[in-house]
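Paired with chain B in one complex and with chain C in the other, chain A is shared by the two complexes that follow.
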Partner chain A sequence: MTVLLGDPVLEELRQILGPEHVLTGKADRLNRARVPAPFPVHRWAERMPDLVVLPASTEEVAEVLRLANSLRIPVVPRDGGTGLTDGAVPLRGGIVVDVKRINQIKEIDLDNRTCTVGTGINALKLNEVIARHGLIYPDDPASYPCSLVGGRIGTSGWSLIGSRYGHTRDLVLSFDHVLPTGRVIHVGDGIGRKITKSSSGYQLKHLFMGHQGTLGIATEATLKLFPKPEAELSPFWAFEDYDSAYRAVGALARAGVATFAGAVLFDEWKVDYLRRDDEAYIPQPSSVKALVCAAMYGYEDEVRAGGRRLLRIARSLGARYLGDEISEGDWAARHDRYATPLHGRTRSGQVVPMSWHCEDASINYTNLPAVRLAWHEIADRLRRESDVFDDWGMFAYTNGATGADYLTEIDIGIWEQRLDDAAWEAWVRAKRDLAAVTLAHGGSISACHGSCREGEVDLVPVELGGGYDVMLDIKRAIDPNNIMNPGKYLLDQAYAEKS
Partner chain B sequence: MKYRYQEEMSPPPPQRVTDVAITRFEHVFEVEPGLMTDHVTQQTFPNWDTLRLVRSRADHLAWMHRHFADKVISGEELLHDLDE
Partner chain C sequence: MPDPEKRFAEEWRNAAYNCFSSGHKFCREVCPVMQVTRNESWSPTAFHANVVAMEKGELEVADVAADYVNCTGCGACELRCPNSLFTGDFYRFRTRTVDLVKAVRGLAVSQGVHQPGWQRWNLLTDERRHEPVLNGTPVDQARVRDWADGLDLPIGGETILFVDCEAAFYRTSVPRSVARILNLAGYKFGLMNEQWCCGGPAAEMGYEEQARRFAQHNLDDWRAAGVRRVLVLDPHDYITFTEDYPKYFGDAYDIEIVLVVELLAELIREGRLTPHVPVERTVTYHDPCRLNKRKGVWREPREILRAIPGLTFHDVDRVTQWSYCSGGGGGLPVEKPELTAKISEHRVEKAAELGVDTLVSACPWSERPLSEAGRARSIDVVDLHELLAESLGVAP
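Up next, the complex of A and B:
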């Protein structure tokens, strides 16, 4: 589709939304054609939408989808645009539906402790309002200031403090969802907006969460709230070797302390990066090889009691506390990583501007050490091949209070200005190899970002086994004309089969 | 209020922290300037601006803490309790 001024589609959209909410300018479209993850900048033009619309309500979204469906125009939903698997980047042009105007707080229910919001709002803005009632919405990605509720639903995101409060899928109770045909449904547990658990019917909430905009658009969500914690504790510890840090993070996660909100394990490569390149520069002696941080939330007396226990456990396993300044500074900085100007190093050590890419996976605790070595080998190969890549080390975050599986990510710096087809190909190959290592160790390719990007997406059918065929059937049934985010998750196959 | 250009534009002499980092002001670390010559070059900053940036970063982090809890508990204090 190439839209021309005076085009009837454009006219109809202007009628539905008002002319000022249909954007055709190049800058408006360019701004919505990429996400912060490394991007084939040299091929940017291939990923431009034809136009951008800014609806203000569920009804307007429904009308846009009805029109797009009748004319077979691709539609890509976009919230904060911080997704790291290019979910919000159009592959086939068409219409980007930017939902940022649907950002009202419609209800705060103090008795049932929920609130209902437009999906264009984010947790930071919401928390500024509900803090006045002593409440918090604890969905806490490292992109906290800029990812929005709709994008959290679109990716089924992962929260830094999810061990204490749950992740996006637990915190979003229900939502209004516009199907690709323009029909509006309400999905949640049962019919209720504020029910946290039901066993009626199929569990559709999970189906419409994490689909990366391939099954429609969430417009209004009801969220679970918690009392705003009185106190936080965020200790950060150094270790002389990875194995001790690994044992410590497992012990902290398994300790069963109720206020425990999460812990993170940093490996040797990450510590090197923190010493040389990260803005959170940590001037540690060379004997420090690995780091662990933890976070706890709750009433002051319970956080103090639990904190003493965690500090004792860490100390008994060889940890050295890094002091309040580093501990508190790093934990707060974990919520604003979006703002960090990034740079890496050439092999000669020169500083270069680099974008950040993190490849995320869910890995069982027992497999973390093996995956770490295999992943760094892949990063090392990339770095040997070209100065475009840098290894920024690995994190592993606890995924639940049990510590069964961990969100594991390797961070790779990419010098985007130097990307060309050869470097991009090397990158895509590396992503495929990283995903293969995950599957070989019984993991999932993605714990939070999704896996619909070139490279890793090839392995989604392998990961899901027969489940992938069910995914194709569902896509065909819900989106008969393949208008929603076409090209993602290899779902075009659903239509090839039909013909 | 006095303003002397030379005073404002001459940072204290660098002290080496590691082979990739130096420091000029307490708790403010900079990449070793020799590593910023080919692709990214350093800018000249007045001293007050460097310190302002560092302070606003600290303000920002304190604001971020307040989003999540009313109070931050000191780990050093809890460790001290353990030793008693």
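Up next, the complex of A and C:
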């Protein structure tokens, strides 16, 4: 149901933000109705907001929310617009609050080693500035050049080097958060802006992280900084079969090397996908079936020593080191090789522009092989059904330093030019099946993107059980009028129960 | 949908989908317009997505024409795009945002959708055969060679120097410096017989017919005078002569285009020019977008700077400079001077962080906005050719 906004609302928003920061044009709205995740383009218009606003401060965001709350207008926060579960895409029209203008660096505190920024800033841009102080903010998703701090909070994102430095939830110390009613609170550990651990009260920081814009809007965040690593080592190894690569990745993660920042396992479908062009991947003999990479960050002397240990472990498990050049090149390309539509193939091998979709889950190490087979089977079924789909292979990335669980992703190419209702239905079914496999193996449906998209969202109440009921209670308590990103995470149920 | 729009959508469909299907916006943070406006509607990916929406019948060119003003044609987004960076050579595909923006502007004009500033600018250009440059500066054919007064340069010959409108009428010390340096090196060249604007700006703003007409005039003039080689000091002209003209004239276009910066670096390398007068300045270099990002010319200007004695040169690597722009290109200053000013402020701020007293540029069109921004921070903006002339002891 689309809310039609009368002129008085528009006028009031213009008063609050200045007329040039209230956008009503159709192109402005179409472009805020879209994220990189594929969707049926012929239904684009169904997802449009009525208005887009570009606030410049916490106060402006608060005023917009106060107004929207009083008039029961849906509000969707949007930052980089790179989220892959449609979090920033409106389902009910209303106002998109695009926070990109709130991107100032307010403070760099060299003694406590923190910085405070507007949530519209990008980590890459921030790092260009703090590098001058020899510091780094190590939230490093594959979307490092394009995702922004607010969206990282909204999704509770996952960092490629998180085993060393932690993920977004660990790296964001605290933030200003505008509640759906317009009230501004500061959440962190306790109230502290730069406190890293407290035990006062409930742990609200985590509640307001990963909610996909359903509980309010983060506007200013204080972030943990680290010394800029002096050295980086990222060896890549080739294996003749998946099983030995799997054994190796586990051993590397469990070794407990302090500079260990993460390990990645590429399966045979992924290796095939990379072979599709010779710029993203230097050709390897066809005997190479799986790849493993590890990344280490720290001071030169500790990285070198830790690296020697990991190289020894890998060798003892049958790995062939691919050499410095390939290793460094592949790791340097970690942000760019994703989402290249030209990798798309029909069954007959024709190159067609396909969108990249990444279905992710947290899976325990011991369950990786089984989940992998079940997931590829689902992808294979899709591919048999239609040329619209392509299997781009799987990655497993360590989530933490212990190697207990892995961000497990299967990448599916989707030919959006041909994506009709029938193909979309098949896709939604497949997403549901992928999520079901995750739950059957004791996993969590998402490790980094969230899980509020058609298909997998149906199983969120199953995954959370009684926890989901608590989620409904919280949503109702914090957002009494269901204005924040309504329809996401099936949270409308919170209001159905009440009436 | 009107026919021209349909044809346009067909032509650009796959290129638009190649971006739309990625949609990751890796390009966003290098875009100078995006940096200062933070408005996603004016990002390279929106420029592509709109074409998809046009194809779907969701938008018409009139809905979006004003959005496409917000591009300086710097080319940063194209370089940053993984579709160019990664798979481009392999699949012979390159993201061509700059051409797309030009094409949409052209479509708009052909559909009678005008931006008032651009329309006026191109009318005046058409009337005077030269861009209006600055209010009050008399601009016409009779004065296009005034900059060369007293230099005693011949007209015509095998090699001529083409001087862009900004430099010919306003930044006259730049072409004078170039002429004096070339004379010093004994390099023979003449001036054009009847020089009109290169037509590049008209093409950038969507006035294609006018652009072609001007191009035809210039080519005819060159042919009549037996010109074989054209020296160009302005990066914008360089793009027009090496990209637009070949497109207009095809194989019949047999004129050699020489970029002055490259020629000067060569003359220094060969020992035909030796900068010797120390220039005591602390400088950094602003890579003009059309040289570094669009043409891959970044070594030669640095060679020249390093050859000048007395200079302390704080370089910024050329890849970092992908996200720098003066805001002076693509017609932006004509429609949105306030955005150009902000982009220039941003650029000068980056220079200030390096503790320099001078920002060296090699593009006449960047100097007006950069100088303005530089004044607020006490940073001088100086042209590379002029700096070299100073060190060679030849006053403009």
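Everything below uses one rule, namely that the second predicted complex is superposed on the first by the 482 of 499 C-alpha atoms of A that agree within 3 Å, B and C clash if a C-alpha of one lies under 4 Å from a C-alpha of the other, contacts with A are read in each partner's own complex, and residues count from 1 in each chain.
Definition applied: contacts are C-beta pairs under 8 Å (C-beta built on N, C-alpha and C of every residue); 3 or more make two chains touch, one makes a residue touch a chain.
This structure is a prediction, so every number in the text was calculated from the model and none was measured.
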A:His186 in the overlay: touching chain B, chain C, both, or neither? Say first, second, both or neither. neither
Give one of first, second, both or neither to describe whether A:Leu124 is in contact with chain B, with chain C, with both, or with none. both
Between chain B (first) and chain C (second), which does A:Pro235 come into contact with in this model arrangement: first, second, both, or neither? first
Touched partner set for A:His133, first chain B, second chain C, both or neither: neither
Contacts for A:Leu23 in the overlay, against chain B (first) and chain C (second): which applies, first, second, both or neither? second
Which superposed partner A:Gly349 touches (first chain B, second chain C, both, neither): first
Is A:Pro283 in contact with chain B, with chain C, with both, or with neither (first, second, both, neither)? first
Using the superposition on chain A described above, determine whether A:Arg432 touches chain B (first), chain C (second), both, or neither. neither
In the overlay, answer first, second, both or neither for which of chain B and chain C A:His335 touches. both
Those residues of chain A which chain B touches in one complex and chain C touches in the other: 124, 128, 277, 333, 335-336, 343, 351, 353
For a test of understanding, state which residues of chain A touch chain C in their complex under the given definition. 23, 25-28, 30-32, 34-36, 38, 41-42, 44-45, 54, 80-82, 98, 100-101, 103, 120, 122, 124-125, 128, 132, 143, 145-146, 277-280, 333, 335-343, 351, 353-356, 416-417
Any idea which chain A residues touch chain B in the complex? 124, 127-128, 131, 136, 138, 140, 161, 228-235, 275-277, 281, 283, 297, 300, 303-304, 307-308, 311-312, 315, 321, 323-325, 327-329, 331-333, 335-336, 343, 345-346, 349-353
Would you tell me which residues of chain B are touching chain A in their complex? 17-18, 20-21, 27, 29, 31, 35-40, 58, 60-62, 64-65, 67-76, 78-79, 81-82
Would you mind writing out the residues of chain C in touch with chain A in their complex? 14, 17-18, 20-26, 28-29, 38-41, 46, 49-50, 52-53, 56, 58-59, 63-64, 67, 80, 82-83, 85-87, 89-91, 93, 320, 353
